[in-house]
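In what follows, structures are represented as structure tokens.
Here come two complexes built around chain A, the first alongside chain B, the second alongside chain C.
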Partner chain A sequence: MDVRSQVSMVFHLDKCIGCHTCSIACKNVWTDRQGTEYMWWNNVETKPGTGFPTAWEDQEKYQGGWELKKGELKLKSTGPAKVMANIFHNPHQPSMDDYYEPWTYDYETLFDAPEGDDQPVARPVSRVTGEYMEVEAGPNWDDDLGGSEIYAANDPNLDALTEEQRQQLSAVERLVMFYFPRICNHCLNPSCVASCPSGALYKRGEDGIVLIDQKRCRAWRSCIAACPYKKTYYNWQTGKSEKCILCYPRLETGQAPACFHSCVGRIRYLGVLLYDAERIEEVAKLPDDEIVEGQRSMILDPRDPEVVAAAKANGIPDDVIESACKSPVYRFVKEWKIALPPHLEFRTLPMLFYVPPMSPVMAGKDGDSVYHLTDNNLFHDIDQSRVPISYLAKLLGAGNEGLVRYALRKQKAVRLYRRALTVGDVDDASAARALREADCTVEEAEAIYRLTTLCTFDDRFVIPPMHREEAIQMIEEPHGHRQSVGFGFTAGPKRGL
Partner chain B sequence: MKTACRFGVVLGLAVLILGARVTVAQEAVETFRQSCISCHTIGGGRLVGPDLKNVEERQDREWLASFILDPLGVINSGDPYAVKLREEAGGALMTTIPGMSRSQAEALLDLIAAESLLETSEFAGLDLGDEPFTALDIERGEEIFMGRRKLANGGPACLSCHTVGGLPELSGGTLGPDLSRVFERLQGRKNLASWLLAPATETMRPVFAGRAMTQDEIVPLVAFFEDAAQQRSEDGGTSRLLFLLLGLGGAAFGFLLADGIWRGRFRGVRQELVGNRR
Partner chain C sequence: MTQLSHYLDQLLFVAVPYVALVLFFLGTIYRYRAESFSYSSLSSQFLENKQHFWGMVPFHYGILTVLAGHAVAFLVPRSILAWNARPLRLYILEITALAFGAMTLVGLLAILARRRSSSKLLRVTSKADWVLYALLLFQLASGVYVAVSYPWGSSWFAATASPYLWSLAKLSPEVSWVAALPWVVKLHMLNAWLLIGFFPFTRLVHILVVPNPYLWRKRQVVRWNRDPRTARLIER
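Right, the complex of A and B next:
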């Protein structure tokens, strides 16, 4: 057993309201520099939709992640032969059009325009070329199913649906969407790290945060092709790639990352997990129907004396182990099993988990009275959700519908249980039956309810002590650079060696 | 003891000085062989430049040294003797030798003076006589020119940089001049042969430094060039237009081939999605 610690995340999609506050918080802190205008280390997508960059989930096109070839894990995007063939140009990267051409507006004309018959308008100006431009797409162009129906119709996850289900999804009275916020997953088996010819990407030993060394990056852009989530970005100004750093400078000072901190819906949870690094390869090779369970089994119980002993032997500090015991992520993922990793079939073992969203309750209108379309008049049957289970399973369960159904049933049971307690229009017996069917005890239901709805800052973010005093040699003169540098260790990122 | 010590020091110094003089003299021989003999002889008669035997009887050492260092400067200063020299050489300008210093020029003059005293200097030049060359000589010369026969000391074939009349298209280099009329340009066998002994232009000198052609190679080459001057026309090798067109055509073919090989390459996603529906 090779126990290591990983700062992990849970996003509770049932609570996400799609307000993009997280994206803006991240943009203001990290990617407001020239060359990074188009980057969204954190972005929020509307599902069904193609997301950002367009259709990032389609690995036939983008060649991200790993694939199993003759029992061996191989990068889809590169290999010994491909690296030579593509040495001067890495072909499988999103183009600027697949991201979007960043723009601002020429606000001055609003004030300076000569008097005329029309209202002056602020024309969009490209932030790459500085010329006037026609805006054709943006990072959330298909927000709330806007933009055009093309985007929603081309969501790669819709492949899991039958033709009938597809038709139903776009029928007006069944129209449904939910939001899918994304940051770097800080994977256990990161394909971006594996693909880098310069060895510029690394996974921090103490907390598993995946970073790009701005001094070693040589702009091969292999990581951009290799990351199946398209969460590394090329900075055209510095000639280096950049990605979400999980706000490690904030974590190191005990603060939640900016996107977590600013989340309006309080959907984000952060805590440390202990896992068995020895099993990474074995788990990454599991077939799709076993891989979610496999990843779950890698995560170790921080209260198990054997695990604690192995963790200590590996140099994990006591207070980190203590923090792991309080981790909300552990509860969502391992104890309650209601949080699932996105697209585990890419085999990078992401450490950001999502609680699948409940679909809106379906109701109809007969004259003036509104009535529920479902049998028990309160919640629809999970299998009748407007968002088909097969869709969620493709997105979050590597195709395993059972796991998604389990997570949704449990959430429904908790709601029935609380409804019985607070409103009383559900009788206790049926609430208890729902809990039993959902493999949930009363204590567990209460805990889920508390951590979902009444969670405080400290409940959501259990940030382990980062022990920077042990890594002080990495930052030789922190005071010399205080308040002078944002992104980068002791010097700002710039072009060159 | 003291005397012995002094003797030792004197001996040591003498060895040093003599040794230094020997190396300077050797250097001068090397320089003369590499840079001078293509145009000058010592006691072998005029080539492009004058015979240097007893040159110091014609001009003083000071003048000679400065002419070696900067021939164009001396000519431009309006020196009548220098101007006359240039006229005699048919307008050819003596090349300067890179890295030449005043002391090296003096050493060269010392060498010329010493060689002038000899009955026949080793720098008397090649004399190929006036007899017509045999067909075998001409054939061998062509083989050497075309690179079918390797040069003994490893020099490159003439064809790499030069062309000559009557070669097929796309053969023959264009870096050096067309050699169809070189026999006439250099005014005959003797000059041409001496030139080939140590080609002294800035481009050829480093290429042939340490890889001099042997007499066995020079004779057939001279035969070949003499024959070429008589038999061959001047339009040699490649026409520039054809070369350009072939280059453009080749590039276009290359692009088309790459486009074909990587037909299924990634060309963006969004444009395709949206474009298909327009």
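Right, the complex of A and C next:
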């Protein structure tokens, strides 16, 4: 057992209101520089939809992630044999057209325009060239199903649906959507790291945060193609790739990442998971129907004395193990099993998990009146949700509908249980039966309810002590760093000649 | 007159080369140590991906082959002479070399056409880039011209340029090896020294950081704080 710790995340999709506050918080802190305007380290997509960059989930197009070839894990886009041949022109590299051309408006004309017959307008100006431009797409062009006929229809996850289900999704009275916020998953088997010819990308041993060494990146841009989630971005100005850093300077000082901190729906949870690094490769090679449970089984119980001993032997500090015991992520993912990793079939072993969203039940139309297709069979509803289980399973369960059904049933049972307590129109017996059938005890239901709805800041973010002071002690004289922030070089990101 | 051209040769083929080499070594090392952030291929594929292939690929495959040819002729001239002893082999070598040279030139022209056709690319084209393009264009055009008009260069390079370069390397410069060469050839050589001297101030530094360790490193990279060796990499 090779125990390591990983700062991990849960996003509770049922709570996301699609306000994009998280994206703005991130942008203001990290990506408001030239060359990064188009980057959204945190973005929020409407599902069904094609997302950002357009159709990122389509690996036929982008060749991201890993594939199993004759029992071996291979990067889809590159590898030692291909790396030099493709270095001059990367055949799988997305271009700005797949994202969008960033723009602003020439607001001055609103003030400076000479008097005339027409109202002056502010025209869009490209943030790349500074010239006037036609806006053709934006980072969130299909927000709230805008232009679904064109956009959502190309969502790769819809492949999992039958033709009938597809039709139903777009019928007005059955229309449904949910939001899907995304950041880098800080994967255990990151394909971005594995693809970098310069070895500039790395995973931090202590907390698992995946970073790009800006001084080593040489713009070979392999990571852009290799990350199946398209969470590394190329800075066209500095000639360096950049990605979500999980706000490590904030984490190191005990603060939640900006997107977590600002989240209006309070959908975000962060905490440490201990896992067995010895099993990374084995789990990443599991067939699709076993891989989700395989990844879950890598996550270790921080209260198990054997695990604790192995963790200590690996130099994991006591307070980090303690923090792992309080981790909300551990509860959602491992204890309750209601949070699932996105697209595990890409085999990068993402460490951001999603609680699948509940959706209204299916409605039908009888002449002019709309009716709901529910009988009182409570569990039947889950399968009659407007978002088909098969869709969610493609997105979050590597195709395993059972896992999604389990997570949704449990959430539904918790709702019934609370409804019986607070509203009283559900009788206790059927609430109890619902819990039993959802594999949920009363204590668990109570805990899920509390962590979902009554969670305070400290319940949601259990930030482990990062012990960066030890890093500095190792390599420098601590007094030399007194009163300095100590985040390495601080020269501006000046483009090379 | 001969005196003058003697001094000119000394200036252009002794002084300039040494200045260029000093600039090259000091410049690249200083830049690597002080501004390693600036070492990048500055790829522009992200901004323009349609014409990109048609310039980058022929240019790079071409230039790398041509440079390799020059390097072999410089380092082991005898092998080239031995190979060229049979006319058929000489023809094959000459035609291949010319083909790669022409491919490089075509690639560079495609690169230039691409640069000029996109306002996004112009936005990221520096003055140093333009100087570099001019030098490269002259280098490739003169090289292809020499190959066409003074054939069997693979043989006479080994008998002129190679001993000249060795004499420079041994710090006892001997210009007489190249003094009698035609003026286009001399210009080709002079421009090469300019390219070398200008090298540290351009994007060409990307050639020095080609990613060899990828082939034998482990696929995943993990850096620990606790290991002082790797920790240093983080803090720098």
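By definition in this document, the second predicted complex is superposed on the first by the 453 of 497 C-alpha atoms of A that agree within 3 Å, B and C clash if a C-alpha of one lies under 4 Å from a C-alpha of the other, contacts with A are read in each partner's own complex, and residues count from 1 in each chain.
The definition used in the following text is that a contact is a pair of C-beta atoms (placed from the backbone, for glycine too) under 8 Å apart; a residue touches a chain by one contact, two chains touch by 3 or more.
Since the structure is predicted, the reported quantities are computational estimates derived from the model, not experimental observations.
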Next item on the list: Quick one: on chain A, after the overlay, do chain B and chain C clash, or do they fit? Just give me the call.
Entry: clash
Margin query: By the touch definition at the top of the document, which applies to A:Ala313: first (chain B), second (chain C), both, or neither?
Written below: neither
Checklist line | Partner chain(s) touched by A:Val264 [first = chain B, second = chain C, both, neither] | finding: neither
Margin query: On the A-aligned overlay, A:Lys61 touches which partner chain: chain B = first, chain C = second, or both, or neither?
Written below: first
Next item on the list: Quick one: classify A:Tyr151 as touching chain B (first), chain C (second), both or neither.
Entry: first
Margin query: Looking at A:Val442, would you say it contacts chain B, chain C, both, or neither? Reply first, second, both or neither.
Written below: neither
Next item on the list: Considering only touches as defined above, state whether A:Ala137 meets chain B (first), chain C (second), both or neither.
Entry: first
Next item on the list: Scan A:Ala219 for contacts with chain B and chain C and give back first, second, both or neither.
Entry: second
Note to self: Quick check for you: in the superposed arrangement, does A:Ser95 touch first (chain B), second (chain C), both or neither?
What the structure shows: both
Checklist line | Per-residue touch tally on chain A - higher for chain B or for chain C | finding: C
Next item on the list: Could you pull out which residues of chain A sit against chain B in one structure and against chain C in the other?
Entry: 93-95, 97
Check: So in the complex, which bits of chain A are touching chain C?
Finding: 80, 83, 87-90, 93-97, 128-131, 189-190, 193-194, 196-199, 201-206, 213-221, 224, 234, 236-240, 315, 467-468, 470-472, 474-476, 486, 488-489, 491, 493-497
Next item on the list: Give every residue of chain C touching chain A within the complex, in rising order.
Entry: 35-49, 52-53, 56-57, 59-61, 119-120, 122-124, 126, 128-129, 201-203, 205-206, 209-211, 213-215, 217, 219-226, 228, 231-236
Next item on the list: Would you tell me which residues of chain A are touching chain B in their complex?
Entry: 50, 53-55, 58, 61-63, 91-95, 97-98, 136-137, 148, 150-151, 154
Notebook entry, point to check: Which chain B residues qualify as touching chain A in the complex?
Noted result: 262, 265-271, 273-274, 277
